[in-house]
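Below, subunit A partners subunit B and then partners subunit C, in two separate complexes.
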Partner chain A sequence: MSSEQTLSADVVIVGSGVAGSSIANELARAGISVIVLEAGPRVDRQHFVENFRNLENKPSYQGPFPAVPWARHPPNQMTPNEYLHTTGPDAEAYQQVYLRMMGGTTWHWAGCAWRYLPSDFELRSRYGQGRDWALKYDDLEPFYYQAEVMMGVCGPDPAKEDLGSPRKQPYPMDALPISYAAQQFRKLISEKTPLRVVHEPQARNTRPYDNRPTCEGHNNCMPICPIGAMYNGSYSVYHAEAAGAQFVPNAVVYKIERDDANKRVTAVHYFDPDKGSHRVTGKYFVIAAHCIETAKLLLVSADDKSPDGVANSSGHVGRNMMDHTGVQVTFISGDEALWPGRGPLETNVIDNFRDGDWRSERGAYLVHMVDDNQVDLATSLAISKGYVGKELEEQIRYLASHTVRLFSHNEGLADPENRLTLSKTYKDILGIPHPEVYYKLPEYTVKSCDHTRGLFKDLIGLMHGRDEQWTPGYFPQDHPAGSTIMGVDPKDSVVDGECRTHDHENLFIASSSVFSSVGTGNITLTVAALALRVADTLKKELTHA
Partner chain B sequence: MPDTVRKVFVSLLVAGTVLAGVPSRSKAADTPDAALIERGGYLATAADCVACHTKPGGKPFAGGLKIATPMGDIVSTNITPDPEHGIGAYTEEDFEKSVRHGIRKDGSYLYPAMPYVSYSGLTDGDVKALYAWFMHAVKPVAETPPQTSLSFPASVRTAMAGWNMLANHNQAETGDSASFDKMRRGRYLANALEHCGTCHTPRNFILSEKQDQYLGGGPLDGWYAPNITSSKTSGIGDWSEDDLVRYLQTGAVSGRSQAAGPMAEAVEHSTSHLTDADLHAIAAYILQVSPYDEDTAHKPRDSFGEATVQPDIRRGDLTRIDDVTAFKGGAVYGANCAACHGDDGAGARNKYVPSLFANSVVGASRPDNLIMTVLYGVHRTVGKTEAFMPGFDGGSDVQRLSDGEVADVVNYVMAQYGSGNPHVTADQVKTFHKK
Partner chain C sequence: MAAERYSFPVDVHHSSPNGMRMNRMLRMSRRDVLLAGMGAAVVSVTAHAAEPPEASAPGVADAAQFLTLSLRLTDRETLSPAIGNALYARIVQAVPERKEQISRLHALLQQKHFESAQALAKAAEQADPVFKNVIHDIMTGWYRGVAAQKVVVYRSALMFDITKDAVYPKTYATGGPFYWTSKPPEVPLPTGEPGLSPSKFVVEPT
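Now for the complex of A and B:
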């Protein structure tokens, strides 16, 4: 089955998340024709809010988003999983979740909008570990700011709280007010430790911004902000559409076609949900389909000319899988009540271990004091202790107000052995193989996690904590990176410093898949900044052509 | 957000031609004293000149705001003291004639979207002060807004001479307006400056204000400027002077009402900047205006409804992400309104988000203002407080509701918390969309 009509545009983008939609918006505003192909459907907020209200397992942030069969995403973080199959000694630590639908995974992120540190881009030259990027912090700085303005990021006054990533402009919005729980936590940390708690930069409105309201602290950023105070990719989709970009939902790209010389991409092919095949031609192509799906698409496109997959002469497509592996503990503070669960989920971070000379030995990390509602945990704990009746009610109240949850982002490291491949066993209804990832935690990350556990134990002691509940092993933070790694040398990397594939001059990748190191801050702002930089490159090349 | 096109009401039109070609003449040679200029600035704020004479994002008083009418867009003029593009060449006499009588320097008639019918009540001293301020404190802007071109017969400015004879005018006040007693000062501010009646008084067949229904309410570009007479059933007869002062100062009084649309702009640009004494004068005057009782209203708009009690213990089936089937009333409310206004309709505890019961917009017998609020939201900045509700029309980034869903949620909210189900249909909602 093939469609009669061939779609065509100056730039064809695969994926409508923050990366794809923001590129589309920039290009469309510059008068460049754009088509965005999105594997998933058009969606809207009210149905997700309704799903969330009906959801029994509220913390399940993949829960309100039951996938469509032609564009499945992982239903949860369980291993084994019906879609993302992980293997290896640390399979469970790579059980990432993400969303395939218009607007992408930022429908259910927590809005944490960190810039990377300058050192994150130079891990190899500064600390002899991992890889350097093929660009420096300063190359990205203007695009970080552009991304912050686009998303609406609030953050602290740099003169009062320097987060280590030099800024030319202040944050577009003032930092969030600090919740009561966070105030208590800050006080403790500053009085009893040499550490500090900083305001986390957040893509969340602290005043009406971009025709969206101020955050009211509903405390369910994940799975769904009910009022649109937090950025998600759908806003960039709307803005891009208003500027003339064309978005095609339910378009599952399965093949990247190249010219005879295998130097230029000529078209991408997609299946509609009924497996009708369509061809879309263009001058430039951008794959912006999330770290996992981007690598999968390049591998699926293997043919005689590129037997190991498109853009894969290095053999590095699908390798170097990284994440911010997490260590997590909840406990009951023996001190005064904190009453967590008021305000946004993640606003306060201990950032002392984001950088240091010790990075030559062990990975960096940051610690979130997670400000989420703890009634469910408190209830199960109180029941497990055998309380009933009025005492049960009192215990729930006590425990919910005294629970502390800490988790970390521990730095992963590029290791080619950690690898995404196409499943030989599982295929979706369109016949496209599921992704499979082998994962073994780098020693570097394990040492970092050990250090974090030590810190958490100290903090539990400081707060006279009890009833510690450690999440077993290591858990995924859903910040996958590295599957089309950036580098100077085409022999061991997939894209160059412009995010252009070494193999195909008109094929770009806008995704965390290009990250050469993963640092500690949440990845989204860096994804957006890289995407806006790709848009800038494309604008220059298309307007000078 | 202000619109680039603001419809006022049928055929109230503003002077739209360009003053180019008028021989340039220097400003008054003597600079008037600072007190007079300052007084003029205050009066210009009270008269809210900036609202019409500045386009969104434009330079103050440089004109360019489009006002849509059935006869075409008309464009407000540059009233900065630039001699070529603005009114810099106007003498005080020229200025007086246009402000109080609607006659331009070149002798042609202004269209009465310029509320000269109201301004005709200004004292000589206040006209002088306004002139001094416009000439000496407003920055000249060398920009000419696009020319107004209307279809026949409105294109014939002389036709306005006839209208002028028929329309009622305020008698000019005399004496020093600053020395008026409270009630006289209130009437002066409400009529000659704030021109409340321009929107709140219904119009007769020649579009002149019906003085027997003074402040009795009238439609305004989709919104409805409600009855603000002292009627106990239809107006604001249950408001105290302090309530009204607070409303004009902040745009919101919990348990009464909140300003959106054109009234939010009036509060932002004008009333929130007035002195307490002047606001009390206006309030005292408005609250003694003769009641106009409407047949359709039997109790005050802000006296309807109460908090609902409905514990949320849902355990329903989840819908797949591609299922975007339209919701019905209560579900539209639950997924789009309840997060801020509460499952019980009580709003936020600090009332940043108002309650839906005891709320004039929901208790009104006409659904117009609730429909407009759902479609276009609220954006009102007074001092440091920025009240904001997103719109839910087809341009919303938060949630785009269908006309049917808007109708459903309006009916649900008014049935649940207000004056009763108005049975609005999707087709009716469609007529409220901005063109």
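Now for the complex of A and C:
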């Protein structure tokens, strides 16, 4: 059932999320032919908004995005899971979710657009932990800015609030004014602790930008911004298409074909939903299919020439799985009403523990006070406590206005034992194995989480909190990284500092899978910056060829 | 340790990832939560239309009884009959015993004057423990807009009516850019008592 017509382009990209679509946009604008193969369907925003409104379990941020059978994604963060199977002592801490559909997982990100700190790229040489990247912050700085312009990132003036990542340009948009709740939190932290609360840089419009409107504070960044005031990958898809890039939905790539010398990739093969197979040839290939799916595809492509998987002479494909592990507590403030849920979800951060000499001992972290509307939760709680009528309404108002939730991103660490493999038990309808991840939390991360719990206890005390409920154990923040790790030595890494695979000269990877450390800030801006850097490399090579 | 306490907010952590191993079967049954085309068509379904023929005997609850009960249990003087009909239809469709139970609870309401929702709830739970579940369904229906794990109304749920001076239903904000910087209303610590005994609270997984 193979396609008679072989598709071909200068550059073939697998995955249409932020990474794949932004590369496609850059290349297409430079006159380079591009085909992007997306495993999932193409769905428009209004369907997700409608799904959300009709969803009973509103906090389920995968809920509005049902998977298609030929491109399944994890339905939720439940262990055991129907798709991403996790094992090991901390299996639940790696139960990530993501989306397989046109535009990628940023459909339900919260828009947090952090640059990494210079030290994040030099964890080994500065602190003797984990790994160094095969590039420095300064190498990425221009591409960070390019990514900020592409997405439309708002952030504070470095002269007033330096976030620790040196900038040559101001943020494209002014910082988002923070909510009353965040203002009060910021004031408290400033007056009662040596810490500080900063404006979180966000890919969210504080003025009309890129033909998208100003944020109106629908408080629904996750799972779906109803008006497109927050950037997501779909906008790069639209721009790339307008520039001439071709996007193919429902194209599940299952094989990476190489030449006889196993040095160059010659084609990728994909299944359509009926399992018809198609071959797509090109000069360059970019795998930009999310950390989990990228490693899965390289492993699935194993054959006689590469029995352990494509680009895997090091044996490190699928290893070094990292994440921002989370600590979370919810409590009732004894102070004045804060009414969380006015404005965007995540706007403010305690950033004091993003870096310090103690990183030689324990991982870094940042803290969010979540500005999430708590009315539905308050209502469910008040009903379960037995309130009815007038007393129920009083309880709902009180709980909705006084509930505070803190959570953290705690730094993971590259450990080859934390490993993604192909499931021997589960396959999808196309016969492609599900991914499986063994995960044991690094001691480095555990120590970081312990420190966070101490901080949270202090903050609860400062807010005269009561009835605190700690999320048990450790939970995933859906920021997976490391599965095709970057390094200078081909013996212990998969890609070089350009995100080019050591094994195949025309195969690049654009994903958090190349991260050598995971830092503390949300990963997406760094993914986009790396992707734009890949685009820059490809443009140079194709133009000079 | 806080984790061992069962005062409010009981098991809030279940709203978070690791809580998801709880209640797996329930979660699975909630996978299909879309009510495409919800609205006029469903609202127009009356209790009688939804009843099987043999269930229309005298004494069986209907949507009017449901609405009467709802007015008392919300301490309100008006409620939308259209929403009441839709909630009732969904509740008795999902749990057929509720029809008879609602009828009996309505009969209890008629026996004497209950001056508040709380008074009725206390008397009801004492009369028959199953009434606690019936009242939970009624409260969940009106305040969350949800019946038997389905969204019957979203924006019109009463929880948004009573908080509209401070927050908007997600996806329906109308305050304009940066409305969130202003000071929201203060809320005094409530002193009222519950009408029913507490229940274990399980927030669904993310």
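Just so it is clear, the second predicted complex is superposed on the first by the 539 of 545 C-alpha atoms of A that agree within 3 Å, B and C clash if a C-alpha of one lies under 4 Å from a C-alpha of the other, contacts with A are read in each partner's own complex, and residues count from 1 in each chain.
In the analysis below, a residue touches a chain if its C-beta (ideal position, glycine included) is under 8 Å from a C-beta of that chain, and two chains touch if they have at least 3 such contacts.
It should be emphasised that the depicted structure is a prediction, and the values quoted were computed from it without experimental measurement.
**Student:** After the superposition on A, what does A:F475 contact: first (subunit B), second (subunit C), both or neither?
**Tutor:** After superposition on chain A, A:F475 lies in contact with subunit C alone.
**Student:** In the overlay, answer first, second, both or neither for which of subunit B and subunit C A:P226 touches.
**Tutor:** The answer is both, since A:P226 touches subunit B and subunit C.
**Student:** Between subunit B (first) and subunit C (second), which, if any, makes contact with A:H47: first, second, both or neither?
**Tutor:** After superposition on chain A, A:H47 lies in contact with subunit B alone.
**Student:** Between subunit B (first) and subunit C (second), which does A:D10 come into contact with in this model arrangement: first, second, both, or neither?
**Tutor:** In the superposed model, A:D10 contacts neither subunit B nor subunit C.
**Student:** Could you tell me if A:H218 is touching subunit B, subunit C, both of them or neither one (first, second, both, neither)?
**Tutor:** So A:H218 meets both subunit B and subunit C here.
**Student:** On the A-aligned overlay, A:I396 touches which partner chain: subunit B = first, subunit C = second, or both, or neither?
**Tutor:** Touch partner of A:I396: subunit C, not subunit B.
**Student:** Who touches more of subunit A, subunit B or subunit C?
**Tutor:** The partner that reaches more residues of subunit A in the superposed model: C.
**Student:** Tell me which partner A:L55 touches in the superposition: subunit B (first), subunit C (second), both or neither.
**Tutor:** Both subunit B and subunit C are touched by A:L55.
**Student:** Please indicate which partner A:D308 is in contact with in the superposed arrangement: first for subunit B, second for subunit C, both, or neither.
**Tutor:** Touch partners of A:D308: none, neither subunit B nor subunit C.
**Student:** Would you check which partner chain A:G63 touches, where first means subunit B only, second means subunit C only, and both and neither mean what they say?
**Tutor:** Both partners, subunit B and subunit C.
**Student:** Where on subunit A do the contacts with subunit B and the contacts with subunit C coincide?
**Tutor:** Of subunit A, residues 49, 51, 53-56, 63, 214, 216, 218, 226 contact subunit B in one complex and subunit C in the other.
**Student:** Touching subunit C in the complex: which residues of subunit A?
**Tutor:** Touch list, subunit A to subunit C: 49, 51-63, 75-79, 92, 95, 177-180, 183, 206, 214-220, 224, 226, 328, 330, 332, 336-339, 341-343, 371, 373, 375-381, 383-403, 467-476.
**Student:** What part of subunit C is in contact with subunit A in the complex they form?
**Tutor:** Contacts found on subunit C: 2-3, 5, 7-13, 15-21, 24, 27, 30-31, 33-36, 38, 72-75, 116-118, 120-121, 132, 135-136, 139-140, 143-144, 146, 149-151, 154-155, 158-160, 162-163, 166-190, 192-201, 203-206.
**Student:** Once bound in the complex, which stretches of subunit A touch subunit B?
**Tutor:** 40-51, 53-56, 63-68, 101, 207-208, 210-214, 216, 218, 226-228, 234-235, 238-239, 242, 250
**Student:** For the complex, which residues does subunit B have touching subunit A?
**Tutor:** Residues 1, 312, 314-324, 327, 331-332, 334-336, 339-340, 348, 353, 379, 386, 388-391, 395-401 of subunit B touch subunit A in their complex.
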